[in-house]
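The following pair of complexes shares a single chain, subunit A, combined with subunit B in the former and subunit C in the latter.
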Partner chain A sequence: MHMPALREDLRGLWLLVIWDLNRMKSRTLFVVMRVSWFALQVSLFGLALSAMVRFRAIAGTNLDYYHFYLFGIYTSMLFSISVSKAYDIAEEFEEGTIEYLLSLPFPRRVLALGRSIGGGIASFLFTLPMFAFIVYLLGSYDPVALTVSMISALAFSIGVVGFVLTVVLSLKSSDSTDIAFGLLDAILVRLSTVFYPALVLSKIAPYYYAALVNPLSHMSDLLRTIFFFEEFKAIAVANPDLMAAYVFGLAVGLSTLAVLVVEKAVEGGGWK
Partner chain B sequence: MVAKAIEFKNFTKVFGSTIAVDSLNLDIYEGEIFGLLGPNGSGKSTTLLTLSTVYKPTRGDIYVYGHSVSREGDIVRRYVGIAFQEPKALWIDTPYELLEWHARVVGYSRSEAKQVVKEVMEQLNLWEHRKKMFYQLSGGTRKKIEIAKVLIQRPKVAIFDEPTAQVDVITKHALWDIIRGLREEGTTVIVATNDMFEAERICERIGIIFKGRLRALGRVEELKDQIPGGDIVEIQFEGDEEKVKRLLDSLSEIGKYQFSDHRVRIYLNKGEEKAVEIINNFTSLNIKVKKVMIQEPTLDDVFFYFTGSMLKEG
Partner chain C sequence: MSKSGEFRSIALIVYRDLTRFWKYKFWLAGQIGMNLADILIYALVFNNMVNTQLIPDYFKFFTTGVIAIAAFASAFSIGREVGIEIRREYTHYLLGLPFTRWVLITGRILGGTLRGLIYQSSFILLAALLVGVPDLYGWLLIAVTSTALSASMSGLAIAISSSTKDFNLQATFRALTYYIFFFFSNVFYPRQVLAMRFPKPLAEAIGYMPVSIAADIYRWAFRYNLEIDIGQRFLLLMVWTTGMLIMASLIYLWNLTRG
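This part shows the complex of A and B:
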């Protein structure tokens, strides 16, 4: 059954996306719990927090911390769920299904891309109810804003899963995976503009510069400016075009890295 | 002249400080059923997993129809299908979903996949289990799902890593028929096994692998003929085993021998002639001979002769 190479590759990519989507059913309880937590978090804690926080007037804009907080918490949730793909891949190593995938007639680049895209789509779909809840709370239903923000979220998720795939396949250890991604999740969320704008802590240079290059900062500020440009343009880490380029560039770059690692270095066995 | 399907050229695989396979040189011919015989940990699975590109060779290479496993893995994977020793699936997978996905991966359309999966599952008595989750299945059923993957794929090179482990006797024979059927279709089949009986029943040629090295290669009858004289004298006795050992060590015509619960199997030439002499020696040492048998070697004996170990000790 010979097909032109590109069509074969695309078919392989599609089948690998289905592989990841099929695995969503093993995470149902996890996701239900996370969505429930999220709904509570944004409804109660977010409102309480925004009542306590007041932005000093910056460039004459009227900032609402609740708007700021909603997109930040969503970004951190999207990131956490994408990173949790590491545990799925670790489980696949332990069950031996990684070795099964490595034996199949996919080119390695297709395997890497397919798992990055499939994992990204699955993670994005998991957070879609959360995104829908935010949109409902904001009451903002602009179709262009919705489309652009969802595409950005999907790209972000694919990039993160690509990175996760690279790291897990290189570490090949449950303990190292737990430690690495636990630390990453904690540090990246805090050294970003997920919960506070970079401008507020500009006097703390390490935080400030880390926040400026942190992908979570770009993702959360991009979402804020897509929906409330005038409100957040003064405090975003960069202009929207640059932030969008960063997010999409990350997706392409990290997926490419995953392809390189899988093509050159990955083999079965050796899981600790 | 039959073409070579697979060539191992100084293939070596090292994990950390452990040499799992050491300088394997071996040719497997198109359309044959080749057996890789050895105990657990001998390097069989490592060899097969490298052949199917799951592992990469540390040194040397393997060629499948002229394509290198190291450099042309994408091409090699189109030729090869493997039924793993341990079934590979997530606990939530159902056999039908897993096999249908596998069928689509190996090139079937959606409708073709449904049809071929049903046919193969019915052939292996798996259809009734199609909707159960993997964790609900017995070891034998999971093993059959591995076999089903290869039957669906119909690759040019079919690899079975201990295909009948954990299955019942009836299924074992059915699987052997299926493996022979693949060969009739022109598939090159490689079977890794630690079951002597299985190796003798279905394999045309056998490679004995032990501690990572190929110790013997050839048709079963050829390997038996390689044991000097081809005779085995088995003596059941009563008496001191140490005395018997010292006696046998002093006799120059004896090659190897092997003790087991007051029985000794002695490998030597001219068994019928020498047996009388040996029995006389036993008697002179007051060792009572209860039973004497002279026979041609089994594959167990072949394994012992080439490795110095019994298969179950390895």
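This part shows the complex of A and C:
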């Protein structure tokens, strides 16, 4: 590729990322609601759950369930906020913004990648206050753990937004988007190690195997092992290297899928 | 307007609200999926982790409790529409229709109540299948409890949504109320668990929230927990329902006519 073309592509990518970040301002209410939900989850729901489970006996760790839960609930929040991009994209389709973006003078691959990265960064930034809050509750401020976990969270978010982009642009329907992502969110969060370790899930075989391939399991267990390796290594779905590879593979794979779909299949109009 | 005319008008308003309910079939499908996933995945798996000395059977505990959440969530959906009507000043059209304001208020609350009952019925049948079939008295209690809970939540959602024309404020008030009823209830955890982690007054107060009271009655009716003082719980629910319906009706009436 010629350098000017590459420079143009990078400029387009940058503009799209900025565009997605600017749209964050219109979602203040959404953030307020999510933060309230999160605050109640960790201060009431999480503490109550940790009082009623036999976590140390089951997991054989010297940490209590609340530590386990905090990483899980952060992952589920990151996932839900990234998935909520689906509703934004559906709205853009209804308003004709997608057609406008498709007509802009940069390649489709730049559009797909720019929206995946921009949406991923915006979703990750939304969850930063929540991430800071759980770090404060855990009392673990290891700079390496903080950096690696934030990079992983960003990669995870980019992957999920790439997937969302692919699905919404393929479905081209507000109703189908609503039901598909509502159900996906409900099922994936529960069929993962967000609330319970793989060890407990292993008592129900189909749930266990679903959790093993579920990206939420890999992300939440990766965060757990980044911060408390010794305590959580035995109950994670895989070793940390594999989980990290899974999360980064997810980001690259799903963004590439978004590029392929936007390049080959997406046309303006036809929204149902 | 004659009494029969009033009943006919109420029936028409309720019918209109019910037909609109089916427009939200995609929202409903998502909600059903979430509640089913809660029972068939979350509760089933969590059952293997819970301290059985505190909760002998978490699956049954949760399945009976989720019925209360189901009624409250779907009855709450009417608030969204009332909010749109207030914002678009469509309420002037409603007030111009040939029936009294009380007929309108009764019809709207009843519409929300029926939404709650319709949605919840599938979860009651599922609980009967998974937990056990209640006796005749149990069914009666379930029917009255569901009606009372749905009516009070429908009234509450209408009162909240009509309190401001600002969309953001409407959605925030509704969501915050929803979160408070959702988390500050004993659907997910019993009172003794709350008492272990939180100050006793808070744990006690959560036990007196309407969703908690309804969950207790369902647990009694499905014979999961027969140690509940059912008379006291039932009386409390009726007090809550009466109070909330009066308050909600007055607030809605005031919001409809304040110009």
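In the analysis below, the second predicted complex is superposed on the first by the 262 of 272 C-alpha atoms of A that agree within 3 Å, B and C clash if a C-alpha of one lies under 4 Å from a C-alpha of the other, contacts with A are read in each partner's own complex, and residues count from 1 in each chain.
Keep in mind that, in the parts below, a contact is a pair of C-beta atoms (placed from the backbone, for glycine too) under 8 Å apart; a residue touches a chain by one contact, two chains touch by 3 or more.
Every value quoted in this text rests on a predicted model; they were computed, and no experiment measured them.
Room for both subunit B and subunit C is found when the two structures are superposed via subunit A, with no clash between them. In the superposition on chain A, A:91 makes contact with subunit B only, not with subunit C. When the two complexes are overlaid on their common chain A, residue A:239 makes contact with neither subunit B nor subunit C. Draw one line from the C-alpha centre of subunit A to that of subunit B and another to that of subunit C; the angle between them is 90°, to the nearest 10. Measured by the number of subunit A residues touched, the leading partner among subunit B and subunit C is C. Of the two partner chains, subunit C is the only one touched by A:179; subunit B is not. In the superposition on chain A, contact of A:104 is made with subunit B only, not with subunit C. Of all C-alpha pairs spanning subunit B and subunit C in the superposed arrangement, the closest lie 14 Å apart. Per the touch definition, subunit A reaches subunit C in the complex via residues 28-29, 32-33, 36-37, 40-41, 44-45, 47-55, 58, 175-176, 178-179, 182-183, 186-187, 190-191, 195-196, 200-201, 203-204, 207. The touching residues of subunit C, when paired with subunit A in their complex, are 26-27, 29-31, 33-34, 37-38, 41-42, 44-46, 48-51, 54-55, 168, 171-172, 175-176, 179-180, 183-184, 188-189, 193-194, 196-198. Residue ranges on subunit A touching subunit B, taken from their complex, read 1, 12, 15, 18-19, 22-23, 25-26, 91-92, 95-97, 99-100, 102-108, 267-270.
Residue ranges on subunit B touching subunit A, taken from their complex, read 15, 49, 52-56, 73-74, 77-78, 80-82, 84, 86, 88-93, 97, 101-102, 104-108.
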